[in-house]
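You will see chain A twice below: alongside chain B first, and alongside chain C after that.
Moving on, here comes the complex of A and B:
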C-alpha cells in the first residue's frame, strides 16, 4: 500500500514541468545561488585570510548568514522613488527572474522522451540559447525605468558587454552542435557518453564559453555594469528590498542556467551514468547529476573573484572581439573538424 | 525675483571671478553630467563633478570642503599642547607625521631641542605610521579596482603596524607621542624584537603583494599609462609626496631639509619617471621597503643607547620626585600641570615634515600668550587635490577610480 503511494508520489514529482522547471529550475537555482554566494564569500575569505560568514551558524560554516540575508531582503521596505517609471520598475525584476528560468523548460534532463517537458527536443539548444539572451534586454529596461544617471550608465555598459559576450557565449555553446550535427541536447549528451566530453575534445570552445558567461553575467570581478566604485550599483541603484534581491539573485541564477547548459553540452550531462527507465533512475538521478556539475562550474566561477581585478569597459570589449570571439570561432572550426573526421 | 544662493544672476564686480565649479552652469547638450560623491561608494568625503561625452570625461571639477573642521581656528583657542591631539584628527592614520612639524615649530619657538633618543623614537613612530598609511591607501586603491584581496591583505597587515604603534605609545591611532622637547614615553624592553619580526613579516608579504596586485596583468593593464602627470605638470601644480616622486621629481622633505635624525639614517628616496598610476603604486611599495629599513636602523640605535633621556636634561631636573620615579621606572613622562598653561615667547616659526602623502607645512605664530596666535597648516592632500581637474579629463569614466585611488587623496586631511 505504502509502496503504491510512494510510487504515485514519485510519478507526481517526476512530472517534467514540476520537477524540471519548479524544483530543479526554481528551487534548485535559488539553492545554488545561495550556496554559490556562501561559497564565494567563504572561498574569498580563505584567500584573504579572514573567516567570512561564521557566527550565524558556526557548525554550518555560517551558511545561515545567507538565509538571514534573504529574510532581510524579503522583509525590507521597498522604496519606490517618485521619479521612476513605476510599471517597468516593478514588473521588470520579476519578469527577469521568470525569463531567466525559462530556458530550463527547453532542455532535456533525461534521455527518455516521456520525461521531457516539451514534446520535441529537435532544436532545444537553439531555443534555450535564444531564451538566455532575453534577460539582459530587461536589465537595460530597468536601468532606463530607474531614471537615475548611474542606472543609465550601468545599463549602457550592460548593453555593450552583452553585445560582445553573448555572441561569444552562443557561438561557443553551439560548437558541440556543429560537431554532432544536431541541435538536440539529448542527442549531444548521448554522443558524449561515457567520457568523450566536449570540454576535453574541444577545450577552446569550453574556455570561450566559460569566459563569456563570466562576463555576460557580471560575475564579481567582471561586474563592469554594476561596479560599485564607478556607478554605485549600476542598473540596480534605485532598487531596494525584495526587488533588489531579485535583481542581484538574477545574475547568479543566469550564471546557473548557463552552467546547466555548459554541463549538458560540454561536460557530458549525466554522462558517466547510464539512466534506467523508472522515474527515479531515468529522470531524477540524471537531472541531479547535471545539477551538481552545474554547481561545480558556478563555484569555479566564484573563485576567480579573489584573484583578478576589474577590466576597464573598453579593455573588456577589446578582449571580447580580439580574444574571446576568435577563440569561439576556433572552437567552432575545431568542432567541424571533429565532425569531419567522425570522432564523435 | 529672488536670487538663488549660488545662482548665475548678477554678482556685481565678483561676476565671473567666483570659484570655478561652484557656479551653476549650463551643461552642453551632448554632455552628461555625473556627480561622483559625496555620498558615493567611490568618492570619499568629496565630490567630483564629471562631465562625460559618451564614455570619455571632458571635464572634472573636484569639489572639496565637505569635512572642513576649522582645525586652524580651533588651534587658536587651545593652550599650546592641546592642538597636538586635535591636529592628529586630520589624518588619523598618520598621526605622528601630521603633528611632528607642529611640535618642531614649538621647539623652535621655545629654543628647545630633543635628546637624540627622543628623535629616534619619533622617527621610528613616523616610519611605522608611513607604512600603515601606505597600506591603507593601497587597500582602498585595490578595492577601487575591484581587487578585494589586496584590500583585505593590506588592511590586515596594516594591523601589524598599528599594534606596533600601540605597544610603543599606548594608543592605536591617536598617539599624541611627540611633546615639545621629547616624547611621551620610552619604548618597552621587548619592542626591538617585535619590530624586527614585523619588518621580516612585511618584507615577505610585499613579495606576495607584488604577485597578486602590482604585477597582476589585469591591474597593470588598468594602471599602465593612466593618469599621467608629466614632470613639468607636476612641478607646475605643486603636488607633493609619492605622487610627485612618481613623476620623476626627487622631492622629499626628509632629503631637502632633514629634520629629526633623518640625516643620520641610511635610506633612499624612490623615484619613478613614468608619472602614471602604476608608477605611483610602485613608489608606495618601494617606500614601504625603505621605511622598513629605517625602522631596523632606528631600533638598532635605540638598543645601543639604552637608558638615555627622552626629554631634555633641564626638563628632567625640574620634575618633582614622584614624577622622576615614574619616569625612571616606567619610561613614561608625566607632564606637570604647568605645561597646560605654559607661555611661549613671541615669535614666528615654520616647520615642515614628510607625511605618508607628502609634505606638510606648519606656520606657528606666538604673541607670548597661553594659546597660539596663529596656526597655519598646509597638508599634502590639499596640495594634491588640484590634480584631479587636470589629469582626469581625457580618460574614460572607468579610469576615474584608477586615478583617484592612485593619488591617495584623503579628504579630512585636505579640508582640515
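Moving on, here comes the complex of A and C:
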C-alpha cells in the first residue's frame, strides 16, 4: 500500500512536464529575465555614453545590481491602499506570472517525445499562441482593481495596444504554419531543417512578428501603457515590493516566451544541428540552441531601447493598423505562395 | 463640457522608402556606439578631475599676511565669511596683549564665488584646486581660525587617478587619463 503511494508520488514528482515547467520554466525564465534587464541597462548605457550598473560587482559588469534589486523587491514593504479591490489586487500579479509562464508547457525544445511530450502534439503552436494572449487581460484587471485614474488610463491604453498588436503577432507567427500546412511546432522546425529558415524565406512575416512582439509586450521604448511621463506607472501605479516585481518580471518573461516562439518558428529552432537520440544530444543541446537564439532576439529588442524614442498611443496604433497589419497579411500571403509552389 | 478636440493629420516627410532609410540610419548609429562606446562617466573615487589653475575651490587663509581689513567679510555675497576677534600677544611687546580680527568661513553658506580671494589686498586667501572635501557633521563646516589655515586633504587623492575632459574634433567631449 505504502509502496503504491510512494510510487505514485514519485511518478508525480518525476513527471517530465512538471520538471520542464519548474526548472526550465520558472528558474530559466527568472534567470533570462535578470540577464535581459542587465543587458538592457548595459546596452542603453553604452549607447548613451554611460557605464550603467557597475559598483556592485565591477568584474561581472554590475550584474549583482540586478540581484540586489530583486532582494530589495522581495524584502520591501508591500503597501495595499484601502481604496483598492483587495482580492483582485493581491491575486492578479501572481496570476500574471503563472499565466505568463503557461505557454512554455506547449513549446517543444526537442523533437523527441520521450524528453518533451508536446513534441508530437498537433496544434501546439495554436495553443501556445492562444495562451500568450491571456496575460494582457489581467493587466486590465490590475487597472480596475487599483481604482486609480492612472491605472485605469494605463489599462485602457494596454487594451488598445493589445487589440492592435496581438492580432498582428498571431497572424505573423501563424505564417509558417500556413507554409508548412501544420500547427505542430516540432514539425515546422523540421521542415526548415538545414538553412531554409522562415526569417530568410519570409522576411515580411518575421519583421511583422518582431514589431508586434516589441509593441505588445510594451518593451522599453514602447512602454505606452506604463509610460512614466504621462501616467505614473500605468496599471502598476499602486503596486510596491514583491507584487510590483511579479508584474515587471511577468512582462520580461512574456517577451522571452514570444522570442522562443519566434526562434522556433522563424529562426529554425535547433535547425543547423541534427538532434541525436541520447539525453545529451537529443535533449540538452537542441534546447540550448533554441534558448540562445531566443536570448539573442530578446537582446536585440532590448538594444532598440537605446535607439528609438517612445511612440505616442495614436502613433503606435496608426503604425499597427496601417503598417504592421498589412505587413503581416502580406507575410501570410507569401507563406501561402510558398506552400503552393512547394518550396518548403 | 470638454473642449472639442481637433486632431490634425500629421504630414509625413518622404514616403515609405524615406522612413526605412532613416530607421536604418538610426540603428547604424546605435550599433556604432554599442560596438565602440565613448563613455564620459567619471568613476568618482577611482578617478578625479584634475582642474586647471584658477579653479575656484576650497579657500585657505594665510594668517601672517592678513592685515585685518575685513574687505573679504564685507564683499561676501552670501555672508559666509565673518571676522572673529582674537587676543594676540606680540613677542616684541609681551606686556601689551592686543586685539586683532581675522576671517573665518562657514562652508554651509559659501558659494565659491572667489570674491574674497580677489579683493584681498595682501593675498592672504587662496584657492585650492578642488571642492570634494567631506565633513562629518554640519557643525564641522563652520571652520575655526585654526582649521581655516590648514589646506584640507582631498579624499580621492589616495586611491584615484587624475582625469581630464577635453573637446575632441570628431568625438565630442572625451575623458582622458593623465
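Here, the second predicted complex is superposed on the first by the 322 of 344 C-alpha atoms of A that agree within 3 Å, B and C clash if a C-alpha of one lies under 4 Å from a C-alpha of the other, contacts with A are read in each partner's own complex, and residues count from 1 in each chain.
Keep in mind that, in the parts below, a residue touches a chain if its C-beta (ideal position, glycine included) is under 8 Å from a C-beta of that chain, and two chains touch if they have at least 3 such contacts.
Fair warning: this is a prediction, and the values are worked out from it, not measured in the lab.
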Partner chain in contact with A:47 - chain B first, chain C second, else both or neither: both
Touched partner set for A:303, first chain B, second chain C, both or neither: second
Dominant contact partner of chain A by residue count, chain C or chain B: B
Partner chain(s) touched by A:313 [first = chain B, second = chain C, both, neither]: first
Partner chain in contact with A:228 - chain B first, chain C second, else both or neither: first
Common ground on chain A, meaning residues reached by chain C in one complex and by chain B in the other: 47-50, 306-308, 314
Touching residues (chain side chain A, partner chain C) in the complex: 43, 46-51, 54, 303-304, 306-308, 314
Residues on chain C engaged by chain A in the complex (per definition of touch): 7, 26-27, 29-30, 33-34, 37-41, 43
Complex interface listing, chain A residues touching chain B: 44, 47-50, 149-150, 153, 220-221, 223-224, 227-230, 232, 305-315
Sites on chain B touched by chain A in the complex: 32-35, 40-42, 55, 142-149, 151-153, 156, 212, 216, 218-219, 221-222, 396-402
